[in-house]
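Working notes, beginning with the structure itself.
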Amino acid sequence: MTAPLLKVEGLKVSFGHVEAVKGIDFQLHEGQITTLVGANGAGKSTTLLALSGLVKKTAGRVTFDGQDITGLAPHKIVSGGVVQVAEGRATLTTLTVRENLELGAYTRRDGAAARAADMERIFTLFPVLKDRAEGLAGNLSGGEQQMLAIGRAMMAKPRVLLLDEPSMGLAPIIVQDIFRTLREINKLGLTIFLVEQNVRQALKIADRAYVIETGEIVLEGSGRELLGNPRVQDAYLGN
Amino acid sequence: ADIKIGVAEALSGGAAQYGTAIRNGFQLATDEINAAGGINGNKIVLVVEDEQGKKEDAINVFKKLIFQDNVLMVFGPTLSNSAQAADPIAQAAKTVAFGTSNTADGITSIGDYVFRNSVTEADVLPETLRVATKHANVKKVAVLYGNDDVFTKSGYDNFKKALEDAKMPVTTTETFAKGDVDFKAQLTKIKATNPDAIVLSALIAEGAPIMVQARQLGINVPFIGGNGMNSVKIFDLAKGASDKLYVGSPWSASNATPENTKFIKAYTAKYNGAPDQFAAQAYDGMYIAAQAIKAVKLTGALPADRAALRDALPNVKWTGATGAFAFTRANDKAGKPAGYDAKQQAIVSVTKGTQFEIEK
Amino acid sequence: MLDQQLVNALSLGCVYALFALGFTLIFGVLGVINLSHGAIFMVGAYAAATFMRVFSLPLWMGLLGAFLFSGLFGLIIDVLVLKPLRKRNAPHLIPMIATIGVAIILNNGVQAIFGAENLRFPAGTIPDDALEFAGIHVTVLELGIVMVSFVLMGVLMLALKRTQMGRALRAIAESPKAAYLVGVNVEGLFYLTSFIAAGLGGLSGVLIGLYSNALFPLMGQPMLEKGIAVIILGGMGDIRGAMLAGLFLGFAEVLSVAYIGSSMRDAVAFGLLFLVLLVRPKGLFGSLQERKV
Amino acid sequence: MLELSGISRHFGGLKVLQDVNLAVPDKGVFGLIGPNGAGKTTVFNLITGLLPPTSGTIRFDGQDLAGRKPFEITRGGIARTFQNIRVFKEMSLTENVIVGMDAKLRYGAVGLLASTGLFRSEERRARDRARELLSWVKLDHKADQLADNLSYGDQRKLELARALATEPRLLLLDEPVAGMNSSEKTDLMHEIRNIAERGYTIFMIEHDMRFVMGLCEQIAVLNFGRIIARGGPDEIRNDPQVIEAYLGREDDEATNEGVTV
Amino acid sequence: MTGFDNFWAVYSNLVLSLGINGLLALSIWLTLACGMLSMANAAFMGLGAYASSILTLNYGLPYPAAIVVGMALPALVAAIMGGPTLRLSGVYLAMATLAFGEVVRIAVLNTESLTGGALGLNGIPQLTQWWHVLLALVITLLVLWRLRRSKVGRAFEAIKEDETAAGLMGIDVGRHKMLAFVLGAAIAGLAGTLNAHLTFFIGPGEYGFNRAVDILTMTILGGINGLTGPVLGGVILTILPEMLRGLGGFRLVVNGLVLVLIVLFLPKGIWDPMRFRQWFQRKGEAA
């Protein structure tokens, strides 16, 4: 197997006296979809925020493409190519759709033409964004905002895309769209790390999966394996 | 033994500019007196406290000076408002409170331990008006004053009365507020009424820009100012626009009496800057107090000494930087005799170039 | 008279707006009502006056010096005071209280160094004489203030609207977390904002100090009161709103002096402001959401 | 029980709801589904008095709700949860729930100031009741924690308990299982069913089809501000219009689990 | 003179100011507790001070009656202006209330025959006794403490966190806000009355912007999560400049520095039980 693109070792995060993530290890391989599933409060979002440098890691090491990025500032992590679509989307509602997308390219220094080309690419992926480009992002419906959030993250030319529950609160038809899109952009070569409550679907599209319980990784395997794992079925699929 | 005298002035906050000048005046006089051997061989020791120009602090400082530092008498506070709050403390403690900068009505009504040598404008304004009218042919005036400040507001009250007494028509009365930087709205309005002079009750921080902006609007009539404008700072702050300002006051920078010349020279040497009226009155205030102390036999029993000082003060006659000085009895609200005000001759001067010129 | 008064109102309005530009910038981006802005304003004026006197510098150097010097102060305040509070997630009024402390330090520090009395810029820094057009008097300085404030407004608005950094600043204003997620160096932009806002404060200190020609340690205090009114009336951190609200206040004051009476000026101006708020509860341009802290 | 007739709501030029007619029957679970931005939450906002309708009337138990303030409507027996969680973060779970009982605590100013026996017994009753409600949603073991420290899913459950504290007859739930995983959804499904069996009427917005189909006796579908379908789960599941607008086709490998189950 | 008499002679005013500032801090705490940043309390203090002083000074009204008026008038004004104003939120409410304060100040300046204008009112009888202040503070604390522990306190907190959600929990948001605003005004009026009858003099400059900011500072600095904080904040801000008297010219610089340091190291206010608990726990762990 090739060396992992992103490697996390012994990651711990505490809030005051509560340890939300208790020393976890996992790896993302280039070009794969990896998923992290778990119950409410298991520490999934915290893990992602720690990867992006938005919460302080109490211990652990993160290597990305062979380089230690553990203590880097959030903007350095983004410019390095690790970009997150956060829980609740964090669209900038007072900016227009186009401005949101342009801001996505904030860390890029490769010229306006390249950025414009990427924006066109995103517009082909999500045509509705093109229609609403000059409108305020706050006026988009929940699903459209989710698309915008993904599109904005892609404007950063990420090498790894971190997604925190992208399907939450979306109509079934949109959820299908989102998962389809994820697979499409994955096929374009993007590495994806997906946190989902929608465990079944996440496992279905994942190459590799981890299960987290109260801050610790308790199971790992390929998506298919875990889908068939009785413990997973029992705890997360509600069968 | 040393004679402890309390000084409660605003050394910080908005009134610090005046409080500092006052403190300097006291210090200068004290140094001179001590250098000349003190009072009957006793040195004066000043206990200086900052009252920030706030009434609560003035009360606290008065109490500290009177009850803790056991001073013989207290000078201050800087602002009339603070005096209204603090002087009753001194009155109740039977200790002389001596104001050198309080010009508002009613301060000396508080009681018979309250003294001041600051002249209320009521006494000098009629004279200023008379002189200005005579020299500048004033037939009607516009009035401009700061209506949110005791000093400028009580100045205005006296102006108003003087104008009524002199049967001088007023074309319009305008106000401004402390801290304003733009007075053109008022001045434009004044200009439209075509007065022969503008009567101005302001402190220098606003008075100077008012004069500058008036000239910029093409208003070239004389200004008739109160105590607050009586400062050589006007030549600096309103450079190029400072001419034709009439001020009346017992003290003038250009009054060439030997006492005043000596004071201005000593002050300038010591503090590296020209004195103003606040410093002059404080300087004289200390000498006046010294005269009274010289006249009493200090026993060391504080209450007796304080009472004796009070009894001796009203009799002091003194000629200092502000000219000949005597006290005159004031009445309280019920009309009974209370504290003591100043009785002094006003000098009227007008700005010309970088000088106040005395006009008769 | 009305024409002259309208000119007066325009220049007074621009005085308020000029002060408010930096003030509203820091309010908008950092979400802090920076009550030391008045002190920074004063520091800028003192700095320029001192530079110009001691080194006999021309006005533009004084302005530049004031901008850099007060900007530096703003930066220091951010690093030493506001940043630790951000890190500690302080409740949202706390930074404001801290800036009160900073203002006390600056006001009294300047007084301890320069004394309480009025200072001025060297005479002749700017021509004092008024120009006259059709009976209307204006000074070079007034024209300068009007121009500078409109130009600054234009530059700031354009920068915020059109540049990537401007978008980033607006992003921070809405949600620092979202800004982090797109890779904005949020801390860096906080520093930059503090620097520029304070620099603008200092710049306005010089221009307004030239206008009144009487500098004193507490000269920023009255401006601060009016400035707060202006930035809130304008709507959270809205540059255009600050400009408009500044003009509103200027016109309200001048016209109430002209037609109602100068002793009622502030009551009329603030009464109107009160009424405007009742009609537009988020200020003139308050479409922006207040950040929930 | 609840009846919307001819309801429209516009925001400026945006016609979010157009002539919506809905009747929520007494007892049982009623569902409202529809694409994102269809206007579902707006319907709840109108019912609870947060927004006035542009036209139309809303009746609850035969009474017109027009002009009533939100708190009056709540006191009248309608409670809700929020799509964007709105728990009181700085308060403990117990306190959160007791806030919901505000109108039910009957001690006056005197009782309050003098800490009378009535005051104490009422406060104790509130505390006991809060604990009971928290146990309904299995949060009683965290009763004294701050709500802020709960995870997303737990906060949703807390909102549910808090809404129940107002003693509603009609409970409006806006996406109660968003952010929960399947087994948690199953748990909550049981809990909601229990609540319904206790006699509450439930009106629910949800995107999770398994959840909706499993709980609701009646479902209405909103699309672009209009009701496009109404009926039992099976009818809705097979309605071509609903599939087109909302459910999507099952032509994908990663189909929505709700549809396949 | 005994030590205490001596202390009291020098510091009685300071001590009573502590109590009065404590009352002011509590008056704004009440509105803050309800999520409203109202800056009108300085003006309410002034209204109380002027109303009661005019009555005792010119009409010889007995002090208790004057106190009642000094509380009732601001409360009444608050009730009238609360209607339209309390719809505003955050800094917009702060601005509207500041504007109201400014209008009150100008009104005082312009009603000279009644209020003395800029010259203020002087010769106000010194009727405030030490126990008046103590009693006022104790009763206020008691009432607020009871409020806090009841459904009213919970409602305030809920409104502070999320007005909409509170309304949908059946809480009459408007009435509770009004209650906090009016009660705060009455307490501020009480403080104004006590202060006016302690210092012989009142003037319009005392109740402006600076006072409004001072009051807010005391409360926030002390900490708003309880009643101890505001009182403590009032005490510290009153005593601090007095304690620093020895420092001369730079004393207020130090004063400002202390303020900044307190805020930096205790960002939730001085009285922050959570932090105390944390400290104890940390010590416990270390041991």
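Order of writing sets the labels: A, B, C, D and E. Residues in every chain begin at 1.
Here, contacts are C-beta pairs under 8 Å (C-beta built on N, C-alpha and C of every residue); 3 or more make two chains touch, one makes a residue touch a chain.
Everything quoted here is computed from the prediction, not taken from an experiment.
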Farthest from chain A in C-alpha centre terms, which chain would that be?
B
Hey, which chain ends up farthest from chain D, C-alpha centres compared?
B
Chain C to chain D, mean C-alpha position gap in Å, rounds to 47
Compute the distance, rounded to whole Å, between the mean C-alpha positions of chain B and chain D.
73
Counting in whole Å, what is the centre-to-centre distance of chain A and chain B, each centre being its mean C-alpha position?
74
Of all residues in chain A, the ones touching two or more other chains
none
Could you pull out the residues of chain D that touch at least 2 other chains?
none
Quick check on chain E: which residues sit in contact with 2+ other chains?
105, 109, 249, 252
Tell me, which pairs of chains are in touch?
A-C, A-D, B-C, B-E, C-E, D-E
Show me the residue ranges of chain B that touch chain C in the complex, using the header's touch definition.
12-14, 16-17, 19-21, 147, 174-182, 184-186, 188-189, 191-192, 204-206, 208-209, 212, 215-218, 233, 236-241, 273
Touching chain E in the complex: which residues of chain C?
33, 35, 81, 84-85, 88-91, 93-94, 96-98, 100-109, 112, 221, 225, 228-229, 232-233, 236, 263-264, 266-267, 270-271, 273-274, 277-278, 281-283, 286, 290
Parts of chain E lying in touch with chain B, wherever the complex brings them together:
6, 9-14, 17, 105, 109, 117-120, 122-123, 126, 199-201, 203-206, 241-242, 245, 249, 251-252
Quick one: which bits of chain D touch chain E in the complex? Just the residue numbers, please.
48, 50, 69-71, 74-75, 79-80, 82, 86-91, 95, 98-103, 105, 107, 112-113, 115, 119, 123, 162, 165-166
In their complex, what parts of chain A are in touch with chain D?
15, 18, 37-42, 45, 87, 140-144, 165, 168-177, 179-180, 183, 197-201, 204-205, 234-238
